[in-house]
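Structures for review follow.
What follows is chain A paired twice: with chain B in the first complex and chain C in the second.
Moving on, here comes the complex of A and B:
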């Protein structure tokens, strides 16, 4: 009897989880299917089979410049986030000073702070300071969002590394920089890489910041797509979406190979 | 060591803390006809928020949508988290990859995918499916309702709930479940009396993230909700870009931050409270 109940539990779990996986993948697959539809309006089921929407968007200067801008911003903000995030993570993981937990809380607080509000506040200050270059402003905003992810990923990795190895290197005469470069960095490399790829992907798809900081000349991908939704109704939108999905999922696979998506995306160490 | 913190701290101070304080300060200042913000100090903008029906309805919408998103996300996430913890390694990795990977796909794209599925008329994917297998005879109109926003938000936030739950369930000693089962408890009782209470820290962590992200959502309400499911984030955008009323935009921002911080501190205090600890022990 109890064996049967266990069987039932297993089946229930399998069917339920299967249903959730379909729920998760459904919008991505419907978008993919619609992008090949040979019709002028997006309506299910897709009609015929064509790649002309891809030909159209891959020659669309608006889409390509948005992609290029998002790529540039994601790359730039990842570099900036690494430059300020790795030293901060070192200090938080290795330092022993009063107020360390409070400071860590402040540094990680942009993770739960409503991003829409952070972006609005930033826009006000930047425009008051007379900063009108949308690309620079977007870079600052994206770095603000990406940096805490880097700090978190690197801090987590550092806590797994034996600090005694660093002390040994110092005792043997290496200075702080050499110790970091030759002893610490090789060990935390997967964490740094995961943080970097995650920061890149978050920046590539940042809408709340872009909403405030972009202007008509410089619109990153999510903002451009959002505006297109109101004015374009043919399958070029699903085609653009599919390009974005493929880029994002390739990034996810890279993270999975490096450290595992589950670890990289976890909010706790 | 402290020198290492300098760049990050300076950056946050300049581009996060000071701007946030400055913006919140606007909420009690006055904007004159030229758009300049300053004295006199006033609480009139807060009074306006809490006396106009439209704004209260948006606040209520936001709380309601965030609440139901948390409930449904948790209901979907528990079985998935249990499966990730208890399945064979390869299967577990596949499940977690499929559930977590969409996290990096643009929220705009995912909301758009749901628009295609929920679209009214026979051209929506869900209507097409249900009509062709004969479950319904008239197409449903789910799009541009609060329900559609909840569906989109559950999809967007599911990984944020699965991750902390799987981490918490993974830490539970399997012997506890086996003991309960040996003593004759049916599986649902094992869940309610062992797994659920012991995974509470994970659930709370998930609820904090999901509620905070949903309360501050912007994309899904626009793409899936339409005018009937306006949320606080959309109201902020309207006040700044359409009405140019900065103090009132600051008031709505203040209320949004207040909700998020209140939820955070209350739930964290609940997990750390002694009564709860004793109940767990």
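Moving on, here comes the complex of A and C:
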């Protein structure tokens, strides 16, 4: 009886997880498939098989510079988000100030961040301040969007770290900075890595901020893609999308390696 | 490992958290090389006191004086204290040897010297063969020994223990108590230990400081604290006590009366408004009602309600004629044969006048 139930459960789980996977992954595969279509318009199922769209976009100066800009922005804003987000998380998890628990609650809850509105507000502030470099403005905007993800991931893992470890290190002669570097950071490395990966992904394909902060010279990939969609709709679009997906994935992997999720996970044998 | 013994003085320490005071007016003088236990119920401010001495909590008022120098504002990492925590607080990503090396590295000691000291410290806690293990591969007792080696290897001026054995099981805890105390004596390191276990405090400390609601209730040697508590709180916190609320008796200046019972004390009764007699269970003897007259002071007839065999000690729970409970402990002496006292027996409880300890009401 219980064996049957277990069997049923396993079966159900397999079907359910499989279904979710298909639901999530299907658009990616459809995109991939369409990018090889030998037709003048986007078509699914693809007609024929060609790699000319890839040849076309990989020599397209606009696409390549948009890609470079997006990469630079994603890495830059991830670093900035870590630099801002980790100290903020430390304050939220360890600090003692009035309203800390409320602030912690707000930031840890899955908050709705009206990026379109925030982007508009940011644009107005930046232009009022006379800042005209679109790259810098985008970096600021993306950092703003990405930092909460870092704060959330890091705060959550900080709350799981035994504060006595930090106290022990301090009694052994480590000042606050050394304590953070030698004791706290190795403990929260997985959280930092998760936050960084999130920050990277969020920045890499963020459209709302780009809508307000980009200009004609400096457009990140999502914005460029959207502009392209309005004019032509040939398979170069899914080809670009595929390149973006692959780059975002590998970027996330690189970030994860850099921040050291692996190292943290392999610390304890 | 050489340690110089330091004298520690706490002068009127206060710690305020918001509106409530965690520690109030704690003053304390600790002899070089001695071990002091802070004992008290949960939330009475023991940990807060200890953390103020460590420098992990900043006092709201008061001073901490180490060997004549005021260290109240010295930051924790410059205080040179060794601290043990209830959950060991070993760095999980470091091996045993690396854990022990941590404090030495902070002191920028030469590599060869560090290696030498690690070996010595691990030898001291009998864990030299475990140096390459990770904390997760050790038992609780072993982990706390590593923590002890880590704390002592820096040759601290003070050793601070916050319920260091609280997470261990009874047998191991008792053997670690002895081990820790021997080591502390040998090194002559001034030590403060926090505990809410009165046995642990009595076993290990030269001085026991009983705390209540952030204040010191009473301080003294284990013997004084146990035998001459100065309040009902201390008397009951340090183990079961039989308490009798008394009045002066017209029959004499050294006689107290509580209902039908009379208590005589050596010398005159000190003048307190509502004296309370505290009678330790182990000072009460039991005789069969047929063998002893219940008349007279320092005697009471009672009925046995429960007999508990606790290995070396028998616990007798009795009911007095007034309905009050009375508890007596009796040493089990196998060579003397066992006594046939059973539930329901009528007995006479009796004790010496010197066992009558008077508390303020």
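Operating definition for what follows: the second predicted complex is superposed on the first by the 214 of 269 C-alpha atoms of A that agree within 3 Å, B and C clash if a C-alpha of one lies under 4 Å from a C-alpha of the other, contacts with A are read in each partner's own complex, and residues count from 1 in each chain.
The criterion applied here is as follows: a contact is a pair of C-beta atoms (placed from the backbone, for glycine too) under 8 Å apart; a residue touches a chain by one contact, two chains touch by 3 or more.
These numbers come from a predicted model, not from an experiment.
Asker: Would you check which partner chain A:222 touches, where first means chain B only, second means chain C only, and both and neither mean what they say?
Answerer: first
Asker: Report for A:170: first if it touches chain B alone, second if chain C alone, otherwise both or neither.
Answerer: second
Asker: After the superposition on A, what does A:21 contact: first (chain B), second (chain C), both or neither?
Answerer: Touch partner of A:21: chain B, not chain C.
Asker: Which partner does A:208 contact after superposing on A: first (chain B), second (chain C), both, neither?
Answerer: first
Asker: Which partner chains sit in contact with A:97 here, chain B, chain C, both or neither? Use first/second/both/neither.
Answerer: Once the two structures are laid over each other on A, A:97 reaches chain B alone.
Asker: Look at A:49 in the shared chain and tell me whether it touches chain B only, chain C only, both, or neither; answer first, second, both or neither.
Answerer: neither
Asker: Between chain B and chain C, which one contacts more residues of chain A in the superposed model?
Answerer: Of the two chains, more chain A residues are contacted by B.
Asker: Same chain A residues contacting chain B and chain C, which ones?
Answerer: 267-268
Asker: Help me check something: in the complex, which residues belonging to chain A touch chain C?
Answerer: Chain A reaches chain C through residues 162, 164-165, 167-175, 178, 182-183, 186-187, 264, 267-269.
Asker: Quick check on the complex: what are the chain A residues that touch chain B?
Answerer: For this pair, the touching residues of chain A are 2, 5-6, 9, 13-14, 16-17, 20-21, 23-28, 30-31, 34, 41-45, 83-85, 87-88, 90-92, 94-95, 97, 103, 106-107, 110, 112-118, 120-122, 124-125, 140-141, 143-144, 147, 151, 198, 201-202, 204-205, 207-208, 211-212, 221-222, 225-226, 229, 237-238, 241, 244-245, 248-249, 251-253, 256, 260-262, 265-268.
Asker: State the interface residues of chain C toward chain A in the complex, per the touch definition above.
Answerer: Listed in rising order, the residues of chain C that touch chain A are 51, 54-56, 75-83, 85, 87, 89-93, 102-103, 106-107, 134, 136, 147, 150-151, 154, 160.
Asker: Once bound in the complex, which stretches of chain B touch chain A?
Answerer: Of all residues in chain B, those touching chain A are 1-2, 4-5, 7-9, 11-12, 15-20, 22-23, 76, 79-80, 82-84, 93, 95-110, 112-117, 119, 121-125, 127-128, 155, 158-160, 163-164, 166-167, 181, 186-187, 205, 208-209, 212, 215-216, 218-219, 222-223, 233, 236-237, 240, 246, 249, 253, 256-257, 260, 264.
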